[in-house]
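Got some structures for you, see below.
Both complexes below contain chain A, partnered by chain B and then by chain C.
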Partner chain A sequence: MVKIKTDILIIGSGPAGLNAAYTAASHGANVIIVDEAITIGGQLKQQTQILNNLPGEFNSQRGFSLVDDFYERLKSLPITFLLRHTMIGIYKNNSIGVTNGKETFPITYKKLIIATGAAEEATIFPGWTLPGVMTIGAAQILLNREHVLPGNEAIILGFNEFSLEVGKQLESCGVNIKAIVAKGNYDVELFHEAKNVGIRVVSNATIISATGVNEVEKVVLNIDGIEEEHMVDLVCIGNRLSPILEAFEILSCQLAYQEDLGGLFPKYYNSLETTNTSVYVAGNAAGITNIGGILITGEIAAWNALYSLELLEYSQFKNRSRALWEQLYRIEESQVFKARIAAIKETYKDESLALPPFVELLLEEC
Partner chain B sequence: MSKRYDIVIIGSGVIGSSIAYHLSESQQEEVLVIDKGFPLSGTSGSTQAWVWVHSKAPASYGELSMFSAELYPILEKKIGDVEYKRTGGISPFFSESEREKALMLAEKQATVGIPIEVLSQEEVLSREPALSPNIVGATYSPIDGNVNPFRLVELFIRAAKKNNVEFSFYTSVTSILKKNGLFEIETEKGGKYTAKKIIFAGGPWMKELASLIDIKVPVKQVRGQILITEPLTNLIKHTIAGMRQADNGEVLIGYSLEEVGYDRRTTLDIIQNTAQMAIDYIPSLANANIVRAFSGIRVIPEDELPIIGEIPNVENAYISVMHSGITLSPIIGTLMAELLLHGDTSIDLQQYSLSRFDK
Partner chain C sequence: MHINEHPIMNNHFNKDITFTYQGQTFIAREGQTLAAALFANGIKKLGVSRKFHKPRGLFCANGRCTSCFVTVNGLDHVLSCMTLVEEGMVIEANNSDPTVRSGQN
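And then the complex of A and B:
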C-alpha cells in the first residue's frame, strides 16, 4: 500500500481549498489537496459572471479565470494534487483514507483542512424526478462547462441573485425563461434587474406539478391562488445552499445549526478548528457565504494550521489573523458574519472555554 | 407529584421492548418504559440481526437460544411480520484440524437437541455454491436464521402500546432511590415516577445505569463494524458466520470486535479487513461495491453469558443484559414476564444470575 504523509492535507480544491493551499505552501508547509473531480476549481469552473467582492489581492474577474489565476500561483509551490480521489473514511491516528476507485490508501496529516463546499437543496413537488427537472447549478454546469443546452423553454423556481444570474446566462444562449417563480415577496432591486432584461417574475407562487412522458413537458404553477400552465422542457430549482458534511461526520466533528449559515455545519472556534483537534473547516462548508468569505476563510484556516505547526512567528500570525477577520467582517454579508460569530461564541460556551477578547470585540462590532 | 407504575423498564431496545410486550399480554400491570434515546438508535438498530443458535456454547446456552428461535414463528402470529427467516446457518472452516472441533460441537449440541451436521467441502459448496473452494468444511444447522430488527422492535412497541404500556423517549434516568419499598425514579427531563418493580435493560449502558443503585454489572462495550454491499442478485441463501443477504439483495458483512468505548465511528482499517475476510469466504464479492458501513456498540458480559433475573440484595429489582439480544428477545421477554408476574420461570435461570460474579 502507498504510504503518504503531509503537513497539511486539504479536502476540496474549490476556492477555499485552493486559497488555503496557496497560503500554507507559500509559508513552508507540505500540502496535499484531494479532490474527486478531474480538475481543480470546484464550482468556480462554470462561473462565467464577474466576481466583484474578492479580497484585495485578487482582481475582479470571472470564476473560471480565477481558477487559472490560482493555477499560476500554485504551480511552483510544494503542493501535490490528488485529483479523481475521494475521501471515504478514516484510519487511526490522523490518517484519512482516499480512493481512486481501484485502490484505497491512507494519507497521514498533521493538520487537515476540509473545504468540501456546499450542496444545493432541492424542492419536492409531484414530477420533481422527471428528466429536465434539475437544480439551477446543474443547469449552469451543463451550459458553461459541458456546453450543452439544458432545454429550450424553462421555468425557474426560486428567485435569488444566483438563479437570476443563471437565468440571464440561459437566456443569452437562447433559452426562453417563461418565468422565475418566487415563493413569497421578492427583493425589489432584484426584481428590477430581472425586468430590465425582460424576465418575468411571479411572486407568492409555487409549482403544483410537473408532468410529461419520460421527461418534463408541462408545469402547473399556483400564482397567488390562480393556476397557470406552461409547456416547458426545463425546470430549474434555485434554492439555498447547505454545507456538505460527510467528511465532518466521518471524523466525528460536532455539528451545530444556524439558519443564516445554511443550516447544519461543523462547530468551530475562531481558528476555524472544529471540535476534532487538528481538523479545520473553510469555505462554504463553514457556513454559506460569498466568494470573498470563501477565500478569506480558506486563508484563516491555513494561517491557524501553520501557526499550530510552528511555521509562523506569533506576531506575524496575530497581525495577519486579525486583519483577515476584519476583512471578513467587511466583505461578508452582515447577517452571515453575525451568525458566524454567534456560532463561534456558542462553541466556546459548549466547551466551557473563555471567549477570546478578540472575538468579543468582533461581537461588539457587529 | 410522581406518576405511579407497577413496573418501570429502563431501556427500550429489543430486550426492554420485548419484556414490555410480554408483560403487557396479561394486561394486569401498569408498565412504563424509559429510554435515553429513541428505539433502534442504539445497539438494536445497528446489528446484522441473526437469530443464531448452533455455535452457542455451553450447550445449555445453545438450548436457550434454540428455544428463542422456536418462539419466533409464534411471536410473528402475535405481533406481525418481523421478516423472520429460518435460512439455516453455515459456519465454514478452512483447515482439516478444525473438523474435529466441529464434530465435538455437533456432539455437545446434540445432547440438548440442536441439530448440527458437519459438512464436507462438497456438501458445503452444493448448499452454498458462492462459497470459496478453499473452505474444507462447515458446521450447518437448519435452526439458524435472521430477522429484520427494525420491524421487530417497532412491532414489540406497537403491540405493547396497544396493551396500554406507556413509553417515554429521549430522556435518561438520572436517579433511582428506594423508599418505603418503592423505587423513586427521576429522569433528565424532570419526569418523576414511582414503581413497585424495576427492570434494567440498558444494554451497553448497563454499567452506568446499575451504578445508580450501587450495583456492579461486569459487562464490556464492544464495537462491531458492519459493511453493506450494493444490492446483488441471489448470492447466498444461508446465514453464514459473518454475513447474510437481506431481502433487498444487500449483503451485510461483519466480523470485528473492538473495545473502544462508546465510539460509533467506522474505520477504514477494519472496513478493509472485513472486506478481505468476506472475499475469503465468497470470492465473487470482490466485484461488489460497498455502499455503506456502520458500527454498533454491543454489550458483552465478562463471561459472555446472559445476565438475567433478580438483582441480588435489591428486592424487586431485575436485570436483563446480554449479547445476542435479537436471538434471545422472544424467550427473555417470555421468561421475564413469568418471573415478574408469577415469581417463577419455566426455565431455570440460576446459571444466568448476576450473583455468579460474586464468587
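And then the complex of A and C:
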C-alpha cells in the first residue's frame, strides 16, 4: 500500500486549489493535490470567455489559458498531482482516504485545504431527466472541452450572466438558441446584451414539459400564460451554483446557511479555517463568488496554513493577509463579500470567540 | 457531431480512435470522454432508470449526477463523463442493475 505524507493536502485542482498550491509550495511547503478529474483546472478548462476580474498578478485572459498559466507556475514547485483520485473518507488517525478506483490509501497531512468548488443546481420540470436535457455547464463542457456540438436547436432555462455567455458560445458554433426562458422579470442590462446578439429572452416564463421518445424532441413553454411549442434537441438548465460539501461532511465540519453564498457552506473564520482544526476552505466551496474571489480565497487559505506551519514570519503573514482581504473586498460583488463577513462574524459568535478587530473593520467598511 | 473548427480554441485532438457501443463501431477523438464520444456519434441515451426504465444520458458532465453510467469492457457503472475513450473499448448501455461479483474479483 502506498503511504503518503505531506505538509499541505489540497482537495480540488480548480483555480482555488491551484492558487493555494502555488502559494503554499512557493513558500516552502510540500503539497499534494487530489482531483477526481483527468486534468487540472476544474471548470476553467472550458471557459472561453475573457476573465476581467482577476487579481493584479494575473493577466486578463480566457479561462482555459489561465490553466496553462498555472501549469507554467507550478511545474517547478514541490507539488504532487494525484489526478483521477477521489477523497472518499478519513481514517481513525485523521488521514484522508483516497482512491483511484483500484486501490485506496491514506494521505497524512499537517494542513488540509478543501477547494471542491461548486455544483450546478438542477431545475425540475416534467421531462427534465430526458437525454438532451443537461446543465448549461455540461453544454459548455461538450462545446469547448470536448469539441462536440451538444445540439442544433436549443432552449435555455434560466437567464443569468453565465447562461447568456454559454448561449452566445453555443450560437457561435452554430446552435440555434430559440429562447432563453427567464422565470421572473429579467435584469435589464443583461436583456439588452442578449438583444444585441439576437438572442430572444422570454420573461415570466417556465417550461411546462419536455417530451420525446428516447431523447428530448419537444418543449412546451408557458410565457406569461401563453403556451408556446418548440421542437428542440437540447435543453440547457442554467440554475444557480451551490458549494460542494461532501468533503466537509466527511470531516464533520459544521455547516451554515447564507443565501448570498449559494446556500449551505462550511462555517469558517477569517483564516478560512473551518470548525475542524487544520481544515481550511477556499474558492466556491467557501461561498459562490467570481473568479477573482476564488483565486484570492485560495491564497488566503494557503497563507494561513503556512503561518500555522511556522513557514512565515508574523509581519509577512499579517501584511499579506490584510492586503488579500482588502483585495477581496474590491474584487468581489459587494453582497457576496458582505455575506462572507457576516458568516465569519456568526462563526466567532457561535464559538463564543471575540471577533478580531480586523474583521470588525471590514464589517464597517462594507 | 464533432466540431472541426472551433471559433476560439485550437483543435487539441489529433488522433481518431475506434470503439464499439452496443456492438456497433464508432469513431472518437483521442482525449475525449466516453460521454462526449457517444454524443458526437448521435448517441444520447446511455441507459435507463432502475425503477421505471426511463431513458437516461449525460446531465452534469462533471461526475456528480450519475445519470451517464455505462458498462466499459464488462465493468458496470462507469461514469462516462469522467472516463477517457480508448482504442478498442467495448461500451454497453446501462440497462439493468450490475451483476454483483463475488470472490477476489
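Please note the rule applied: the second predicted complex is superposed on the first by the 365 of 366 C-alpha atoms of A that agree within 3 Å, B and C clash if a C-alpha of one lies under 4 Å from a C-alpha of the other, contacts with A are read in each partner's own complex, and residues count from 1 in each chain.
Convention: a residue touches a chain if its C-beta (ideal position, glycine included) is under 8 Å from a C-beta of that chain, and two chains touch if they have at least 3 such contacts.
Keep in mind the model is a prediction, meaning the values are calculated, not measured.
S.K.: Taking the superposition on A as described, I'd like to know which of chain B and chain C A:143 touches: first, second, both or neither.
M.R.: Touch partner of A:143: chain C, not chain B.
S.K.: Tell me the contact category for A:309 with respect to chain B and chain C: first, second, both or neither.
M.R.: In the superposition, A:309 contacts neither chain B nor chain C.
S.K.: When the two structures are laid over each other on chain A, which of chain B and chain C touches more residues of chain A?
M.R.: The partner with more contacted residues on chain A is C.
S.K.: Pick one for A:132: touches chain B only (first), chain C only (second), both, or neither.
M.R.: second
S.K.: Looking at A:172, would you say it contacts chain B, chain C, both, or neither? Reply first, second, both or neither.
M.R.: In the superposition, A:172 touches chain C alone.
S.K.: Under the stated touch criterion, which partner chain does A:92 make contact with: chain B (first), chain C (second), both, or neither?
M.R.: The first partner, chain B, only.
S.K.: In the overlaid three-chain picture, which partner chain does A:355 touch, first (chain B) or second (chain C), both, or neither?
M.R.: So A:355 meets neither chain B nor chain C here.
S.K.: If I apply the document's touch criterion, which positions on chain A are contacted by chain B in one structure and by chain C in the other?
M.R.: Touching chain B in the first complex and chain C in the second, no residue of chain A appears in both lists.
S.K.: For a test of understanding, state which residues of chain C touch chain A in their complex under the given definition.
M.R.: Residues 1-3, 6-9, 11-13, 29, 32-33, 36, 39-40, 44-46, 49, 54-65, 67, 81-82, 84 of chain C touch chain A in their complex.
S.K.: Quick check on the complex: what are the chain B residues that touch chain A?
M.R.: The contact residues of chain B facing chain A are 263, 265-269, 271-272, 293.
S.K.: Which residues of chain A touch chain C once you look at their complex with the stated criterion?
M.R.: 36-38, 48, 62, 64, 119-120, 122, 129-135, 137-138, 141-150, 172-173, 214-215, 244
S.K.: In the complex formed with chain B, which residues of chain A make contact?
M.R.: Against chain B, chain A makes touches at 88-92, 97, 104, 106, 250, 252.
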